[in-house]
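We just call them A, B and C in the order they show up, numbering each chain from 1.
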Amino acid sequence: MENLLTYSGIRNESIEQWKREGKKTVGTICCHVPGELLHAAGLLPVRLRGTGCTDDSEGEVWMSSFACSFARSCFEFLLNGTYDYLDGIVSSDGCSMATRIYDNYKYYKRNEDSTRFYLKDIGAPRLYNGKHAVPYYISELNELKKGVENHFGVTITEEKLKHSIEVFNETRSLIRELYELRMSDEPVITGEESLKITLASMTMPKEEFNRMFRDYLTELKTRKPLAGYRARLMLIGSAIDDPEYIKVIEDRGGLIVCDATCYGNRQLWEPVAYEGDAISSIANSYLSRTVCPRMCQVSTHNSLYEMIVGMVKDYKVDGIIYTKMKNCQVWGSENLYCEEDLKAANIPLLIVEREEIMTNAGQLAVRAEAFIEMVEKGDK
Amino acid sequence: MSEQFDLIKYLNDSVDSLLDYMKKKSPERLWMFEVQKSQWGDIYNAHRDGKKLIYVGACVPPELIFAFDCVPCLLDAIPTRLASQPELSSKYIDFAEQFVPSTMCAIDKVDVGTVFSGDMVEKPDAFIYTSYPCDNSRAIYPAIEKKLGVPTFVIDAPFRKDDRGYRYLADQYKDLVVFLEELTGKKLDWDRFEEVMDISNKTNILMDKVSTLRKRVPCPLPSRLLVLNELQLQMIGHPGLLKFFENQYEVGMSNIENGIGAVPDEKYRVTWLQNMLWSNAGIMDWMEKKYGAVLIMDAFGYQKAPLFEDPKDRERVFMDCGRKALASPMIHGASGPAEIYLDLVDQVMDEYSINVAMFVGHVGCKHTWASAKMVKDTIAEKYDLPTLTMDIDACDARYKSTEEIREIISEYMESVVGAKALN
Amino acid sequence: MNPDIPDWRGGLVTAGVDIGSTSTQAVIMVDGQLYAYSSIRTGSDSPNSAMDAINIAMEGTGITSQDIDFTVGTGYGRVNVPIADKTVTEITCHAKGSNYIYGSSVRTLLDMGGQDCKAIHCDETGKVTSFIMNDKCAAGTGRGMEVIANLLSVPIEEIGDLSLNVDEEPNPLSTICVVFAKNELTALMRNGWPIEKVLASYCRAMAIRVVRLLERNGMEANFAITGGIAKNTGIVRRIEKMLGVEALTSELDPQIAGALGGALIAKTLVEKRK
């Protein structure tokens, strides 16, 4: 059986094969670039990340030491050839740092022939289901659609979009099945492996992923339950695209059973309901699903917090590890909003700061271990 | 148990003392400070005067708030005001750091500190905020909303500054009118709104005239006056701000007639490319004295505000509110795609005949720091000027001492620019 | 050696070894009562430090390593305790140990160790309920204090009392960063500040930093301090003053809290197995 996990790497055989077939790849930034639209154009959308970056000094020259290391690492990879297989980048303004990855790269390439590399940024509203937000987003998406068609010389038909939605919905459904397994009292898969799977889903053609993962799931269901872990943990916080980080926690005895992170379950989860036309359907779905604290008006639309509390219950979570990327504003102060509520709900919380380039594994390890000692419920 | 400190009362009382002092010492400069009474006095007296007090974030049209006879309190105006009083700003910053990362922008730390400490004694009647200016404000405003527990209206500002964006804002501003009507129990008085728009237009025309005066060589007005341009965010449409700019323009014109410049001998025309250094505005005075270097214009404060083209056109008015919001200080350059910031910088360099560029970078403003290289490269390519880069904290004076800042600027002015100290 | 325990034979003998970055402690307990302990400076070789500490603790007791029923290793170098049957983090051990040293009323702990600083909450059994660690910099740590002691040529154990010998509390150092503090301290000395005042300024800055950590985790009576810096009266008094609380005191050496907690946990683990 082919190993799906090898396709979780930023450079992998699946992408190589795609390129050999003469097909094109577009990097996407954050969760509001609809991959379906690019897929319908015959492109491979690949979600930009900084996994495995060991040196972001060039990124820092451009983005400064005040930028978050996730953004700097992504930019470093754009500069150092790691992403040289891309034929374009489409960015949504998830947060200011994400926007700056795009802005700096566009500036970096300003003297190059713009017909060779597709660059587009779209505005993603910050109000869930906003009555004016959805039409705004639809206009942005229509503009993106035209831009993709012009640049790549393709036509994105309604049929193609509808089909793309179906393909992506299958991916979403498979990821939900994966998490369903993690809900079990006798889980068979670690958080580290699960993250590799969701990363693979963002770094290879969805059809191939769907096919491979269906087989993978069958195998998973036959596995013996994991033993030796001491606590069931949930991960929330700034983007985590690094399975090594999760491994540090799991090596200390904590099993990550679920999360509310954007490389985990927040990008591909809620299905797009097709109603009327594809672009509207995508816009409505993308703007109703819970993402991250980039959204405003959360007091009246508290879906992120409710989701977290709901998952703690469903996944029988013993404690939440909340990681904050240094200089991340979006997740950096979320505790101001939710820490008291989590305390009132008797959900133990460990807050740790992190950098994309992991230099402090020992520090993470001792905190994780102390937290596990604090929340474990007896020997397993 | 010590008495609860009332910050707004303190700010109001401080202005009163300041005005008393200025009346005696230099009444000719009273006009520079009276506008502060309009600002803090109105907020302090709002409930006493039977008006609704509304906390606002950036991009909330003050004209609309005034049209409903309410008093806006721009939360972000407090940290910039307190920046010159380290004992107060540090109190709120330290308080906030119990909850938020120390890397958060000090403007927002002070916002959190003032609200969560209880020092904002008088509870507002409503809170209106938008998704601008940045991630820091987006992080804390919902928490402040939750803490205040008052009727709140949230507006999403568009990513791009184009007709689609203005329309997006205009539609939400119309919904805001409904919110304000419910809050006040009154319908929008269009006559009153037209009056306010008229004052707003007159003020913006004057601001543009004042800005144009600054393009002259030598610049007829001191660096210091730039600090107050940010008042527009809260007070455009208020007669107090109009009076302030009328006076400023008069002084400027008089200076030109009498051949007076901001400094006796203007040697260098400086721009600051990011936030205003509220925590150490004295640096500007020092630069003037030491090098004849005048801060002609700052990128964040630069504005050519759109006007209300036709206050009687009830559709157009909201589009114009959108245009104005997206052209306001700091918002115009720092929010959205970086390209706009680069264009803005280019405009400032060109229109104001700048020959010294400084990126005096507030550390909390991470997304403009992430544009700094592009800004510096743009200036180097087009104007063949090297840009001084310096990290400071615009609202927390403890970050860098006056000595250190002066040393860095001196080193740059003397070694790179070739300036000679005048005294 | 505890004179109240006439004979350790027949009792459950457990040990805890706490290898910190600057010092190592070993504690031997018999049936959950403190029997013997040692405290030495951590050498460059952690496993040797662990064995040295245990050997010194066992000296004169007649106990050998074979007699120890269960050993828990804790601290920075916990994976390097050759005779450890299990490792437990110093956070968990300090809470347990403090419960023994200060009694079941202790709820808030401050541990200022060699390289990090921790604010810990525990319940009446000494179980951790929440914690925050600061290990980003030397401020609030023994290492930081050592640097300052060396710079000012003052023996580290005298710093506390000297710093309290001031009529008026000076402003705290503007930076807590040990690297930059050196410059500021030297400048103060050059300006004619007496050594007491300079130390007061540093201790005050350090105390402020530590108090912030405690407040972030939340203060709840009763309060106790463990770790090497618990012996620094200059820091302790200032922390107490700022928080308006008095730290609990004990005749036992607070530096052994980690190892003591380890030995107690060792006992629990043995009993669980039965």
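Convention: a residue touches a chain if its C-beta (ideal position, glycine included) is under 8 Å from a C-beta of that chain, and two chains touch if they have at least 3 such contacts.
None of these values were measured; they are calculated from a predicted model.
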{"item": "Chain-level touch network, classified as line, ring, star, complete or other", "value": "complete"}
{"item": "A-C compared against A-B, more contacting pairs", "value": "A-B"}
{"item": "Centroid spacing, where centroids are CA-atom means, of subunit B and subunit C in whole angstrom", "value": "49"}
{"item": "Centroid distance [mean C-alpha coordinates] between subunit C and subunit A, Å", "value": "41"}
{"item": "Centroid spacing, where centroids are CA-atom means, of subunit A and subunit B in whole angstrom", "value": "36"}
{"item": "Per-residue overlap in subunit C, given as positions that touch at least 2 other chains", "value": "none"}
{"item": "Residues of subunit B that touch subunit C when the two form their complex", "value": "94, 97-98, 398, 401"}
{"item": "Residues of subunit B defined as touching subunit A within the complex", "value": "99-101, 103-104, 112, 129-131, 134-136, 138-143, 145-146, 152, 154, 156, 158-160, 164-165, 168, 171-172, 175, 336-339, 342, 363, 366-367, 369-374, 377, 391"}
{"item": "In the complex with subunit C, residue positions of subunit A that touch it", "value": "348-349, 351, 363, 366-367, 369-371, 373-374, 379"}
{"item": "Contact set on subunit C toward subunit A in their complex", "value": "88-92, 127-133, 135, 272"}
{"item": "For the subunit C and subunit B complex, residues of the former touching the latter", "value": "174, 212, 215-216"}
